[in-house]
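Labels run A, B, C, D and E following the written order; every chain starts at residue 1.
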Amino acid sequence: MKTLSIIAVLALAIILPFIADIYLIHVVSTIMIFMCLALSWDMMLRTGQLSFGTAGFFGLGAYAAIIAVDDFNVNPVMSIFVGAVFAALTSFGLGIAVLKLREMYFAITTLALTSVFTVLARNLSDLTGGAAGKILFNAIFDGDPKKTYWLILSFTIVVIVLSEIFERTRVKYAISSIRNDELVAKSSGINIFKYLLIVFVITSAIQGAAGAIYAQQYAFVEPDSTFSANFLLLPIAMALVGGIYSTIGPIVGALVLGFTSEYLKLLMPYGHLIIYGIIIVLTVIFLRKGVYGTIMEKIRSK
Amino acid sequence: MATLRLENLTKHFGGLVAVNNVTFEVAEQEILGIIGPNGAGKTTLTSLVAGTLQVSGGRIVFEGKDVTKSPAHLRVRMGISRTFQTVRPLKDFTALENIMVGALFARGESLGKAKERAYQVCQLLEFDRAERYPDRLTVFELKKLEIARAIVSDPKILFLDEIMAGLNFEEMKQMINIVRSLRDRGVTICVIEHVMSVINELTDRVIVLDRGEIIAQGPYQEVSQNRRVIAAYLGEEG
Amino acid sequence: MRRLFVLVSLLLTLIVLAEKPIKIGAILPLSDITGRQAANAMKLAVKEINDAGGVLGRPIELIVMDDEMKPEKGAAAVDKLATVDKVDFFVGGMSSSVHLAQIPILKKYKKITVWIGAASYKCEEAVGADSDWYFHLHPWDYLQGESYAIGWKAITEKYPQVKIEKIFLAYEEGAFGTSSFKSYQDEFELAKQGTGVWTGLMKDLKGGPFKSAALGGGDYRAMLLQAKQYDPDLFIWAGYDADAIPMLSQAKEIGFSPKLFVGAPPGWPADFGKNPLSNGVVLYGMWAPALKDVSAIAKHFWDAYVQEFNEEPATYFAPLGYTNIYFLIEAIKKAGSIDDKAVIQALREIEYESPVGGVLKISPSRIIKNQGFRAQKILQWQNGVQHVIWPFEYATANLIYPFPGWSTK
Amino acid sequence: MKRIFNLYTFFLLLLVVVALVRPYAFFYGLQRGSLYSLIALPLALILGIVGLLNLAHGDFLTLGLYIGYILFNQFKFDPILSMIFIAPILFVIGLAVYKSTIEKVLKSHHLNLLLITFGVSITLVELINSLWTSRPRNVYVTYATKSISLFGISIGAYEFLYVAASIAVLLVIMLVLKKTRFGQAAFAVGQNPRGAAIVGINVKLVYTITFSLATAMMAVSASLMMPRVSIFPNLGGPFTMKSFCLTAMAGLGNLPGILLSGITLGIAEAIVQSIPGYSGWSDLVFFGVLILVIAFRANRGAER
Amino acid sequence: MLEIKNLSIAYGKVQVIWDLSITVGSEAVGLFGPNGAGKTTLINCILGMIRPISGNIYFDGRDITGLETYQVVRLGIALVPQERELFPLMTVEENLKSGAAYIPHARNQLVDRMNFVFTIFPVLKERLSQKAGTMSGGEQRMLAVGRALMACPKLLILDEPSVGLQPSIVTEMFAKLKQIRMEGVSILLTEQNVKQGLKVIDRGYVIENGRIVIEDKSEKLAQEEHIKRAYLGV
């Protein structure tokens, strides 16, 4: 049953470009990018660490990818790997320094790092194009929305699989133990620092790759919009609305919030964001464990 | 050869000396009692041996190897295990999964093997509600869980920190049997306890700590007559 | 809301009554005053044209999408308008970064696009030379710089006491400010070699960045101190509306009073004119409400807008949005069909007298073939009113020179 | 505690040097830093007592400024005096927001609190936007741009009010926390809400009043800033972030540390801004100092 | 004084207390029973931290079922919880004062009460300015009892007060409890150390699986076979 529905959803996702209009494909592509960010943020949260650095590594990956194509003639698809690797290497170096921090101190440091990246992008103009940003003349696949969609879909599947690996293997036991009680985790033989570093590097790589894809899709980077707080707050909201500590939660959250905001906009061109804010507030009040978490709770209690 | 040897172990917190120049040995398969007033440094001592606190001075030698600088997770893998005074279950896991964590990481077993091993430990402890989440367990069961998690890594030495606290007489009796059976399987055990009847029944030898220093040691019957121990710890009624 | 409803129902009846409408898709940031008023003005234009019987016997349907100032939302809006609504033309535009994300998508459809926003030269580079379907009405940042040079040259000729040799440019550190500064630097290099428009005018240039209040900054004193030390003939700041008054009050605080105090934000704060500090401030812009006194079309626009929406147009994006629709419709009229080739040809040929002030005529810019407005205006706040100083044919007042300073404020 | 104190003593010494070398940067930084702290203090209170990181913090500031703007525009109220009207209005708004949203999720996962304030923030900003549009508003009074001579340099006098106000507000908060029954109750609730209930404290009420009072406290910064800033819907956002930064830099529960952190960061920022050609790097210094201090303290406080 | 009538409590769908009735007059009453029998649940319910599914709790004739914790406390019930629940950043003095500050009838006698507490726990007087968080477990327990006494309670509830305490302090504390009892304070006590507990109480209940199985005077309880076997180990 479960495998069947997964296959069905997957099949639908793959053939979507043949049955839907470009607009829907575009909206779904964007939602999937945010879904990957939400998943990666949640994957870090599963270790108990609240990261506010999502936008930072997203932007880092975006810049790395654009520079790779523009200055080093890297193939655009390959540049996504460049973005991921660059974000991973940076997070590896920074992780050694900041992963001793906990709770709000970790959160604020990752937030501050995002600002540091932004300042660097704005001021290292020879490399980054400065405040005006950097453009490419062609979007990836010459702007073919279907190919772009499939690229994003494959990336999303990779992220979902990673998240499931985090959920189903010994990694889950390590990171959930760390989240619950570090002292107990340590006393159970878990190398806390190693796992935190692994998770930090992997999630940063996902964020970097997401940024790289976004940048290749629209063929530009620009400090303020590439490091925008949207890439931080929206994924967090999605994961929380859907339900944290799971793979399905952030997926559901991304779909719900992504489609809601787009649909609301079509419904009421002016002031739709007020309703969007109120919807978030109401979701938190009435679905405390998120959409998915609450549904699962209801099913279990039956 | 002694399983564990502490040499001049010292720990400061800021200006406060919690453990002061403590030296003793624990022999193989011995059950050693560590007693002393509240705040004497017993739990701190356990944390130092387990590696969750760093020593300020002195050495910890385990099976002939100096482990003073080893990180906590490696000491567990070598065979030093402990329970926590206040139970600390991982609340997002079932009891069984709680136990599995130790098998997974301290012994490096696969998921399936770890589960099997966790079941075995449950059987050993007569712990039959392992599928439950910790918030649905009684104090006694939580204490058992605490022990299960500590022994699933197959330790050579085990520190039991107040496992009797909050248990009634019958439960204590069960617990004593469990500890004995562990010793019979070759585990060296240190018990920290305030219940003197248990100490009397269980231990081969006790060490009395007061303000971070050893004030007496020997068999319980002997130590319990010590004036200093009575004054600092047992009280006149004993 | 009520009015919107009436409008929609009106449109619906028209759709039923008339032939298949010509569809125009507009993308604007509706939560921003600029975007909201531009959208209003576009609706006004569409209403006027439909009331007069539409074009080619067909009504016009305007579909407005919010880009939320987010690149991916703006880009998705292009896809939506192209595939779901199947619009025939794209109009609108505001932020450059949103537009950068839209350009690859627009290139995919190659529908005729008449854009009123996005002044960054990066956008022009991204559009490229061979996009003949792309029309850009707003002057690029470097065109603005050139036009001021022309303006100041004219002004110095008319008012011999005015001297513009030392220029200090304060620019916000984002894309808008830095690209302004970059174009000034380029012009200055040219001027030093004796070529370019600023030759003979600009002898020295200095710049100082600041963090705009719109982005969490708002302390300009360090930069203003540097400017004061430099003692320029002309002080210009390129920032946002939120910077306008804090910049003035901090200049007053440190006693910095250059002979020409110029602001070049895309919009001005509400009630700026009522603030005594504003008197004598020169500004760059495409339009001023005072134009309604000298231009019939500007007056018509103003009155119609006020009547329709019960508010005054606050930014030049209002008349620009109005122009956006009319310019396109005039071309369709001339082309006699909505065939791409014919309309492109017509857009290149027509001349449209705009409420922004001046005649709109397409000509090539540095890279693209179809550039609309090239010139900005030099305006001045005088006793609470924005007056046009240059071009002289639209002038509504004479230049107050030098800047009156702070003693009376 | 003592080490942290030493750290700040070191910073203060550094500041004296700065004051001698770059007096303008010192005074501007002092003024701006005090403003940051003034805004951060209520956020720190809510974080410390209610355990809530309020992402809508800066938006209450924005709201306070708009209320002041209306009072000035319609009734010609002096901006500073309007504090006495803004405070009760903000109190009521804070109360309403707290009762209708935050209180309902207090018992669920703490991240839900974060999300709900995010929702409140979006709603507030967009509501303000649709009420007053995105066009900035301004309040002009002549006294806000007066200058004075200090040690031979001419410097804006008005913003010294920020310094005075932040010290005053800090002292009042500390006094209230130490000396009043409500303050002690709030302090107790912040440490152990369960224990507080057991000694007869109405924890819910303490949360409600703390949140509403802290919101009302934004009236001080709002009315003082009013004649110096442009008022627009997104004004508050960056201040939320800065407040959070200061609170983290000071360490939870360290209110005087917030003032010191604010001034330190303010001056660090101002120094960089005063170097021609490098002012674009001022954010880097701001966040760099922040990260260094947090990392330094984390390493020192690793045990325990 | 305290009267519990037909109380039933459940966590979700799991019922833990079944139709339970007990009374506490002007006396010391003990609650004994194995772990998980529902003793702490019952106490939490009296204090208003859990809502019962049925039944009522009366205090001084007044129905207090469903009141908030702070309201119950202000009526004169003080709790010494198992986890102590002190304020770690406050000094001993501030912790003690907090015990009386929020209860109107106790507030007026703050100084008297404090002296009363010092006569029982002289060690607290020496530590007045020490932060509670830096004290050892036993000292914290004394402070928790002292804080509860500051409230001038009519009824003092203690949840496992001897857990984790060294033998000499346990002996000492039960002696103090007797003294408090003499001062006219009613006591409700849960205790695993039944031997010690029986020395203090007048009357006791044995609860197993959420139901009362035995209720009797303390002397009689000590003779009960079931109790001897299961709780005293005689």
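In this text, a residue touches a chain if its C-beta (ideal position, glycine included) is under 8 Å from a C-beta of that chain, and two chains touch if they have at least 3 such contacts.
Just so it is clear, the model here is predicted, and its values are computed rather than measured.
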Chains in simultaneous contact with chain B and chain D: A, E
Path length in the contact graph (chain A to chain E, fewest steps): 2
Farthest chain (mean CA position) relative to chain A: E
From chain D, the most remote chain by mean C-alpha position: B
Pair exhibiting more inter-chain C-beta contacts, B-E or C-D: C-D
Rounded Å distance, chain A centre to chain C centre (Cα mean): 36
Euclidean distance of C-alpha centroids - chain B vs chain C, Å: 76
Averaged-CA centre spacing for the pair chain D and chain A, given as whole angstrom: 31
Distance from the mean Cα position of chain E to that of chain D, given in whole angstrom: 43
Touching two or more other chains - residue numbers and ranges from chain D: 126, 130, 237, 241, 280, 283
Residues of chain A whose C-beta touches two or more other chains: 122, 270-271, 273
Touching two or more other chains - residues of chain C: 31, 36, 173, 215
Parts of chain A lying in touch with chain C, wherever the complex brings them together: 21-23, 25-27, 30, 33, 122, 129-133, 135, 137-139, 143, 145, 214, 217-220, 222-225, 228, 230, 262, 265, 269-273
Complex interface listing, chain C residues touching chain A: 30-31, 36, 64-66, 68, 70-73, 75-76, 79-80, 82-84, 96-98, 100-101, 103-105, 107-108, 120-122, 125-126, 128, 173-175, 177-179, 182, 215
Residue ranges of chain E touching chain D (in the complex, touch as defined): 47, 49, 68-70, 73-74, 78-79, 81, 84-90, 94, 97-99, 101-103, 147, 151
Interface residues, chain B side, partner chain E - complex: 36-39, 85, 136-141, 162, 165-173, 194, 196-197, 232-238
Contacting residues of chain D [partner chain C, same complex]: 24-25, 28, 32, 126, 129-130, 133-138, 140, 142, 144-147, 154, 156, 158, 227-230, 232, 234-235, 237-239, 241-242, 270, 273-274, 276, 279-280, 282-283
